[in-house]
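So that you can tell them apart, the chains are marked A, B, C, D, E and F in the order they are listed, and the count of residues begins at 1 in each.
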Amino acid sequence: MTFPISRFPVPDLEHLPQDIREKILAVQEKAGFVPNVFLTLAHRPDEFRAFFAYHDALMLKTTGNLTKADREMIVTATSAKNNCLYCVVAHGAILRIYAKNPLIADQVAVNHLKADITPRQSAMLDFAIKVCLNSHQVTDADYAVLYQQGFDDEDIWDITAITAFFGLSNRMANVISMRPNEEFFLMGRAPK
Amino acid sequence: MTFPISRFPVPDLEHLPQDIREKILAVQEKAGFVPNVFLTLAHRPDEFRAFFAYHDALMLKTTGNLTKADREMIVTATSAKNNCLYCVVAHGAILRIYAKNPLIADQVAVNHLKADITPRQSAMLDFAIKVCLNSHQVTDADYAVLYQQGFDDEDIWDITAITAFFGLSNRMANVISMRPNEEFFLMGRAPK
Amino acid sequence: MTFPISRFPVPDLEHLPQDIREKILAVQEKAGFVPNVFLTLAHRPDEFRAFFAYHDALMLKTTGNLTKADREMIVTATSAKNNCLYCVVAHGAILRIYAKNPLIADQVAVNHLKADITPRQSAMLDFAIKVCLNSHQVTDADYAVLYQQGFDDEDIWDITAITAFFGLSNRMANVISMRPNEEFFLMGRAPK
Amino acid sequence: MTFPISRFPVPDLEHLPQDIREKILAVQEKAGFVPNVFLTLAHRPDEFRAFFAYHDALMLKTTGNLTKADREMIVTATSAKNNCLYCVVAHGAILRIYAKNPLIADQVAVNHLKADITPRQSAMLDFAIKVCLNSHQVTDADYAVLYQQGFDDEDIWDITAITAFFGLSNRMANVISMRPNEEFFLMGRAPK
Amino acid sequence: MTFPISRFPVPDLEHLPQDIREKILAVQEKAGFVPNVFLTLAHRPDEFRAFFAYHDALMLKTTGNLTKADREMIVTATSAKNNCLYCVVAHGAILRIYAKNPLIADQVAVNHLKADITPRQSAMLDFAIKVCLNSHQVTDADYAVLYQQGFDDEDIWDITAITAFFGLSNRMANVISMRPNEEFFLMGRAPK
Amino acid sequence: MTFPISRFPVPDLEHLPQDIREKILAVQEKAGFVPNVFLTLAHRPDEFRAFFAYHDALMLKTTGNLTKADREMIVTATSAKNNCLYCVVAHGAILRIYAKNPLIADQVAVNHLKADITPRQSAMLDFAIKVCLNSHQVTDADYAVLYQQGFDDEDIWDITAITAFFGLSNRMANVISMRPNEEFFLMGRAPK
């Protein structure tokens, strides 16, 4: 049985603008499959371009103190608060790979307070979850907790922007019923 | 690296009362390992006996219209609302096996409205989640929705009692930091 | 006018299994009437046995630092958060008797911060209410507050298990519309 | 042991302005004791006068379709939502007397859906609780439900104003720790 | 196009009791227009009198440490939490005038943590918002924070009573759909 | 007195990359001032470019059935739910201008149920607020309500994407304390 990957029309690769098709083919080359977020958002090319430009600016950024695993951990924890199936499953998979830890994504998605993470990561997720759920209540005291864990202002911008961007992604995925690729469910789960 | 499976002392098998030791060995024989809920709750033998008598009365019951997969689905969905790592991971694993579906546990844990389940199962989970979060607001109208899906009063007692019992389990697991066995994370995930 | 005590069938004493009938008769002998929780849950004998085995393990336990009044106070406060009429009324009555205080049950049910209780009891109820409503957020800091009030780990298990068990009871009572016996409303209210 | 009835100074009867003293003496004459709301609010004579003028306009009003018991039921149900010990206890007592029903106050305070009330009263309390908790979401549809139960617009104003006024009273009582007189706890509980 | 200012009948000035008509004419004289709260609440003369007696006792009070701007700031912030259009717009206007600050009302209504106010005012609004939303959780610790900012017990009574009174007003305005006069929207916005 | 417009460094126009500087100068030319969102987000040029590309794709889109006023109404209503001062003030100003209605922004920000809008707009805002607060609960039934008001699937994508994008913007603005320009507070308020 096959399931639709979106409530909205999903374009064929060949009918997409060239830049989008090329980006998708590059992802396919690297990952071995095309994550559904690329196909479903390609329904709106201009928004697609902005979405992935934003995504790449935040997630491929090479400066600052957040590791790739830290970033995916933020995405997984906050997407769980937003009950976004696509992002919990897809970014949980990437988190397992970057963290080289087959257990961590489920731990972080259900309750980061029970996860095998450092106090620094736990403070990072406390902050991210506050940004996700009650950003208007963030104050100097929240910044101070992160400073104590070695984060600087630019890191705090990163945590905030990643949380905010995936909050956008979560809402889109929830409303259009974006379906995660089956590949993600198993990825990174084989123990080392 | 090893992690504690409980904040509380975990008894050695050999020092446990015989009936408890035998129950645990039987589980080990069948599952290939001892789920941590048995070891951690054995800290209090009388409560252990009552807990598993209750568990078995609800989950091994052979009458009524709930399948084994239905029951595990209720546990997984409501444990996610209670953010209980142990139960989401352990019962999610059992759900995958009973439902013969490697995707269903993550779907149900994150958002049952996006899960590959029937309208009957969706109504069942709507009811279970209401019992979990706002049981005092359950009225005739909620019963009526389940009747329309073919459930009878005894099924509704089952749904309620399973939700209520695992709400107990979730709170115990959360407060004692019961850790799920690593085996559960991967179980039932290999596609058929 | 008489009211049903449950949405579900209530068995006649004579048709119940002997162990259950004897337990009920013993309660009747002691209390002067049969609390409806016995009759309504007897609809499912196996669950009845597990329920009361669990109940007795927690509430008749003779070790530890929780008094009988402490335990009933936990039940009354958390059952009020779950809006469970049966448990607030029945256990409020028992609380008044154990505490020899005709005012305390209503105080604890409405707002324990305004009750005539000790700081130790207030901390105990703060913890129980957190277990009732947000058990996944319990951390070392919550344990530490109770240690400061003289509670040890086993007491914390007791507080947690009592809260968790009556959370089960509250959900059952709410969904089956378990009606409290009229006797409970007045019990223990006569001033000394 | 005696307990303070307010965090704030409580004036002596003899030092109060004459109109306030007379009002209090009249209440004492009628009730047999002075409810603490009179003594504690007399700390601010001008506010006292406005408070009781408002109270009397709403609660002693002789027109419209709300009975005295209906009004006290609204106060009891909404004060419970605001966790106000004084009002739940004091107005619960008055409700028992007006309704000639020793059980009704506890039922309504814990969960009006389980109370021995009419569908008309249940709709009235649904509306009152919405006004108490989410008044900004009241729409024509909420009015329509009450019309169907025989309430007219003036009754809806009454329900709203009583809820709103006791919301004021609840907040004052909570912040100043107004203590209910012991007399209220037992009043109206003797079965007929 | 004109819009009704209330769901309920609005009396003509000439048919109102003389004391009410005179109060309204006096306000009109001073403000240049009649705020709709006067006309809409005049539907019930006795309640009108009590409402404005209470209002004046709190808002025209000349003792204590709350400035007129402080009081209007409390009204604006808590009315926003109650989503009351009339009070946010009308009292926001008065706040701008008393504070001589065209920006402050919108800041306080949306998020007082981002407003150009003093730490003393911010603590005052924290307290008022707690009284508005969770008055039963106010404890000594909340009083202590205000003492540290120079408030005394009488000021705390004022903050509480203003919040409580406008909570009443918010609920009435929401349910009767009281419409703010257009004049209020622009008042006090011209920069100095 | 001047206030910082961000917790983070705000770049000088002359040190910005040329494309960003030109975009900012073009906005200044058109609006008469530079909205602070441009200056504060220019701290991160790559994110700036993606942010405004996304913004323009959604807000300058010329197809579909949402008017410019509809879009700004969505931004204002949902930003108020997120308590974002910058967006409520800035987009409220733009809403007043597009809708040629000096009252509408405050109405929509406080409670859209009391706003002078059409049933179609009210349904649109109901949906947007659900996407903002509980996107995971959006179902076919929510789509059906919008279809009945004449919206099609592409309009629903627009409503969702605008809500999701400004949810991102709200979180950034809240955490960096982005300050709205004073110009916005008064803009569009002069009656016609």
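Heads up, the rule we're going with is that a contact is a pair of C-beta atoms (placed from the backbone, for glycine too) under 8 Å apart; a residue touches a chain by one contact, two chains touch by 3 or more.
Nothing here was measured: the structure is a model prediction, and the numbers come from that model.
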{"item": "Each chain counted as touching subunit B and subunit C at once", "value": "A, D"}
{"item": "Between A-C and A-F, the pair with more C-beta contacts", "value": "A-F"}
{"item": "Farthest chain (mean CA position) relative to subunit E", "value": "B"}
{"item": "Equivalent interface to B-C, taken from E-F, D-F or D-E so that over half of the residue contact pairs match", "value": "D-E"}
{"item": "Classification of the subunit D:subunit E interface as same or different, half of numbers criterion", "value": "same"}
{"item": "For subunit A paired with subunit B, centre-to-centre distance based on mean C-alpha positions, whole Å", "value": "29"}
{"item": "Inter-chain centre distance, subunit B versus subunit D - centres from mean C-alpha coordinates, in Å", "value": "44"}
{"item": "Overlap residues in subunit D, where contacts from two or more other chains coincide", "value": "83-84, 111, 114, 136, 174"}
{"item": "Arrangement of touching chains [line / ring / star / complete / other]", "value": "other"}
{"item": "Full enumeration of touching chain pairs", "value": "A-B, A-C, A-E, A-F, B-C, B-D, B-F, C-D, C-E, D-E, D-F, E-F"}
{"item": "Sites on subunit C touched by subunit A in the complex", "value": "136-137, 139"}
{"item": "Subunit D contact footprint on subunit E (complex, rising order)", "value": "7-8, 43-44, 46-47, 49-51, 53-54, 57-58, 82-84, 131-132, 135-136, 138, 153, 156-157, 160-161, 163-165, 167-172, 174-176"}
{"item": "Contacting residues of subunit A [partner subunit B, same complex]", "value": "3, 80, 83-85, 88-89, 102-103, 106-107, 109-111, 114, 116, 174, 177, 179, 182, 185-186, 189-191"}
{"item": "Touching residues on subunit F, where the partner in the complex is subunit D", "value": "111, 113-114"}
